[in-house]
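Chain lettering (A, B, C and D) follows the sequence in which the chains are written, and residue indices restart at 1 in each chain.
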Amino acid sequence: MIRMGVIGYGYWGPGIVRNFQSVNDCQVTVVCDTNLEALQRAKRAYPAIEVTTDPCAVVASPNVDAVAVITPVWTHYELAKAALEHGKHVFVEKPFTSTAAQAEELIELAERKNLQIMVDHTFLFTGAVRKIREVVDQGMLGKLYYYDSTRVNLGLFQHDVNVIWDLAPHDLSIVDHITTEKPEVVIATGQSHLNGLADLAFVTVYFTGKMIAHINVNWLSPVKVRMTLLGGEKKMLVWNDVAVDEKIKIYDKGVDVTSGNGIYDLLVSYRSGDMLAPRIDQTEALAAEARYFVECLSTGQRPFNDGHAGLRVVRILEAADQSLKQGGRPVTL
Amino acid sequence: MIRMGVIGYGYWGPGIVRNFQSVNDCQVTVVCDTNLEALQRAKRAYPAIEVTTDPCAVVASPNVDAVAVITPVWTHYELAKAALEHGKHVFVEKPFTSTAAQAEELIELAERKNLQIMVDHTFLFTGAVRKIREVVDQGMLGKLYYYDSTRVNLGLFQHDVNVIWDLAPHDLSIVDHITTEKPEVVIATGQSHLNGLADLAFVTVYFTGKMIAHINVNWLSPVKVRMTLLGGEKKMLVWNDVAVDEKIKIYDKGVDVTSGNGIYDLLVSYRSGDMLAPRIDQTEALAAEARYFVECLSTGQRPFNDGHAGLRVVRILEAADQSLKQGGRPVTL
Amino acid sequence: MIRMGVIGYGYWGPGIVRNFQSVNDCQVTVVCDTNLEALQRAKRAYPAIEVTTDPCAVVASPNVDAVAVITPVWTHYELAKAALEHGKHVFVEKPFTSTAAQAEELIELAERKNLQIMVDHTFLFTGAVRKIREVVDQGMLGKLYYYDSTRVNLGLFQHDVNVIWDLAPHDLSIVDHITTEKPEVVIATGQSHLNGLADLAFVTVYFTGKMIAHINVNWLSPVKVRMTLLGGEKKMLVWNDVAVDEKIKIYDKGVDVTSGNGIYDLLVSYRSGDMLAPRIDQTEALAAEARYFVECLSTGQRPFNDGHAGLRVVRILEAADQSLKQGGRPVTL
Amino acid sequence: MIRMGVIGYGYWGPGIVRNFQSVNDCQVTVVCDTNLEALQRAKRAYPAIEVTTDPCAVVASPNVDAVAVITPVWTHYELAKAALEHGKHVFVEKPFTSTAAQAEELIELAERKNLQIMVDHTFLFTGAVRKIREVVDQGMLGKLYYYDSTRVNLGLFQHDVNVIWDLAPHDLSIVDHITTEKPEVVIATGQSHLNGLADLAFVTVYFTGKMIAHINVNWLSPVKVRMTLLGGEKKMLVWNDVAVDEKIKIYDKGVDVTSGNGIYDLLVSYRSGDMLAPRIDQTEALAAEARYFVECLSTGQRPFNDGHAGLRVVRILEAADQSLKQGGRPVTL
């Protein structure tokens, strides 16, 4: 039985508690929030769970094996560190930490104490991303050319992070998950119109092997778009996450280039065949992730979304911020 | 009566001839192409029009008042220059020239000889862009925050220019047309997978007044997307050019930021009202543009899509190429 | 304070309880179901509510002012009658009853005992239908020509009623709500492929004033379609209920017919203007309906979705069944 | 070499001439129209073709082997009869004739004189319908349950036929083409709001084998819809003809019914798998049809869209008209 303490019961916390509660061999024993109303809601929903406003009580509790840190990103490092120091495994909301240095320190601490870190890259557990990973792993797309994502909508403005830290971690964790190419250079452009934080931004990441990722994030779009194009040598994939059905479409389309007679004489030909929209598993992502966390703790297996995965995302976010501040200057990782 | 000579009867040329032919007070007198089959097609369609393989015969012809240069971009400068030197007005396919220096020289030459230059920024004559311009001019959107365009599809690979020079001039000419803000810095990223020319690219242009433009162009997309988001202080607009109906949607949506009590205490509120899809005029863009060219020649009125407009677009293209070659380094205009 | 007893805690019942619970001046005091598991779920969710397997205990309870009958349609008459006879107001799931005769008897009984009947025509309380009613009432569409609805999806097969009784009541209650024209003749065609009950059907209702309604219902469609066309003399409306946004679009389109010179010489001209997608109120329909029920009970106001409204729908359903059984023969109301 | 005479050069005639002209071993020798402007247009486009206002000159011409009758439906019988009597094969615009009796007489005449009749059911030659036929023939859908088509838009009002005769022949010819089940009963409802002819109508056709077809046609719809659902025992197909891509989607979805313990205890289960959008051939339908006509004349092969196919469609149209006039009464074929 894994006993969880959950710190943070705001927007995302209730989903975390509900999902961990429903995993076999797991129970949430304590919930912490500085907001008393949030605690009352937690108490009403789960009368048996202890509540507290003091995070120290959670990390130090003898009734807690693992701590879920579901708080603003600038608090992650300190809370996770305290938990690890008290010998607790940690499950940390994305993005992992505010800086790569913090992430490295937490990873080192966890390894020293033989504890697990899981970063809540929830999207990796959706049916859509699992299908994309499967399709890529099977080689159906061939060598990947690009990952191009548009993730825009109206709001929700954050007060502590810009739109890149808010929305880009989704795509960065997905790209990290589906390719073995390494990110090399980051370029971020964008603008801040309202509260001093960038409210729209465009991030390019150059990878090894000529792969390129581009992420368009925007809090000021009148329409909600969640569309990712994934181009490969053999086939191409479109993931439209706001579609009710057929979220993923795999196109038997592509371009073949062959040499003609002369040196400049490349013959380009286009292929266009059927389109397949595979059935997507509908299981709630967070439910699958919670089960996976408990399973990793039980078996000692290292999760794929561990601290290192979290660190790789934070490194790109840090570089993006640096590039953005310098007007789009390329930042080498 | 304006007598036109048309150089280039490949992909775009037949549309040019057909449209200029149908303008009152205008007739195409000679068509030139180095491809004999193209000339045969022209002759079959218009038995009365003279055909030639020699562009010099066109620019020097006493039966020609204006020359349309509908050839690959690297030939524009020389052909337009010859036409101007022979006292002919010119209508030049976009992009205007290969370099800003060439464009400047042509402008100077035309002004010296009191001749007109029109650059074929066809999109400015579509019902959609005319409606966007009208909406912006009426102040319906308020101060513009951003222009974000996605212009992707499979092919058509060009052999002489990369995807930026092929597809971005559309958006650059539109942004130039609808705002008075000035472009200041260009950042372009992208990748070349097949024939050595960038086949997908992401261009950011920083403008004065915190306006920002972003253009996503891609020859390797399995789906055709032509979607532009235009965000303003008051309202927001979506232009979906592949939609059969309702190409333009104007959203009464936005974000208001007011100061709260403390310095960090900005209150963000969202507005969400009706959506209006205005009726779009269906006139063929090129027909309107041809009429406008003939009208400008007749009245001496300077067209808004003159050499200077063409130059402004070429300057950004040049900067984009430079930035792309330097791995995304910001290039100041 | 209105005290509600709810009979039936299956698919729809929990929503009923939740919504009535959250109305001011209303509380659910007892929940009844023959399924013990359902009662356990109710008890867990609402520890303070009494549960019972005996509907008689509900209708006879001194702690109940009104009874919600959320059970299969063939049980409505008996349960509602018992409730009315015990002096309780009733809220009855749609369709109201299995026969028009039953509905008439209940109406008569309620009037004699000065009690209220509300039939749960939930769709009338959605933002979309309220907007349609508003648009029609304002005369924006002009005289109504037709109401044409497609309401198809895969499943959910019912065991006691065919697809007409399952899905058509929505549209029939909406048409009844937005027009004052009277239904005159019903024609229903359809087919039964699986369990002996019609699984797809097409219902036409001729109204006075040349208005016509058509309803296409289907349990065997691979895609979910919820689209209604509403044509009027002046404008036309499309209601797409599966759209995430812009569920209602009002088209400034129409046809004008004027007499030409000869008797057969009608000149038809088409109008095509802007399209407006009005903002739709997002309030949960059932919440609004529950509030309205409590308000009607408090003020004595007769609800628009009263027994008579329920009866009008049942009459058309009965006629549709009769027509269907007779191979599509027209049935006069 | 097949020499064609074309009677009727209005809306559809130019496409007919252009396509027959481009078939090898075929040439259009004469075009007839009572409208002189139409003839001038024909002459300009095809200087070598003879033009005439006299249809007799076409049917009697020694330079004509086959006559295409591209005129209003009420003239088909007389023109086709005259052509056949003069020993010419005929290609007749759909619908074949105004009455089944006329169609039978033409078929008898053609057979007696050993001449061919082809009815222009153009849709059968589209890539989409050919793919549907292929999918059905391969048994991919299993036994067909239903064909449900919505074919609505604003206009184009006809002056001589109602909306059923204008739009339903497309679907009726397609259903006839893809199933061997026989139509048995027709029910048509509808209404006329403007010029005395039904402007919207709903046609149900009961077939043998529990197959049912439903066709929704409407000249008064603000939006253009061309959507057909085709439900089968094994899979289901959606044909959206206004979609730019992916016009046909094949869903691995369905319902299985198995007997449970009791007599009323049918267990319904739903299957939901992948969706496939097969590549659709883009060849112009009329080009393929023209080639097929010439091929049938050359080889003596009887076309599948022969007079009998035309007759089968006309019989249903006649029955639909009869049903419509009688307020929806079922008409047995």
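Basically, a residue touches a chain if its C-beta (ideal position, glycine included) is under 8 Å from a C-beta of that chain, and two chains touch if they have at least 3 such contacts.
Computed from a predicted model, the values in this text were never measured in an experiment.
S.K.: Using mean Cα positions as chain centres, tell me which chain lies farthest from chain C.
M.R.: The chain lying farthest from chain C is B.
S.K.: Tell me the angle, as a multiple of 5 degrees, of the rotation that maps chain A onto chain D over the C-alpha atoms.
M.R.: Going from chain A to chain D via C-alpha fit gives 180 degrees.
S.K.: Measuring from the mean C-alpha position of chain A to the mean C-alpha position of chain D, what distance in angstrom results?
M.R.: That gives a centre separation of 53 Å.
S.K.: Please compute the C-alpha centroid of chain A, do the same for chain C, then give the distance between them in whole Å.
M.R.: Result: the chain centres lie 43 Å from each other.
S.K.: Report the inter-centroid distance (CA atoms only) between chain C and chain D in whole Å.
M.R.: Roughly 39 Å, centre to centre.
S.K.: Using the touch definition from the top, which residues of chain A touch two or more other chains?
M.R.: Residues 223, 245, 249, 272 of chain A each touch two or more of the other chains.
S.K.: Of all residues in chain A, which touch chain B in the complex?
M.R.: Where chain A meets chain B, its residues are 145-146, 148, 150, 152, 154-155, 157, 159, 185, 187, 189-195, 200, 202, 204, 206, 210-212, 214, 216, 218-223, 229, 231, 236-238, 249, 251, 253, 255, 257, 264, 266, 268, 270, 272, 327-330.
S.K.: Can you tell me which positions in chain D touch chain A when the two form their complex?
M.R.: 245-246, 249, 252, 272-279
S.K.: Using the touch rule from the top, collect the residues of chain D that touch chain B in their complex.
M.R.: By the definition above, chain D touches chain B via 223-224, 242, 244-245.
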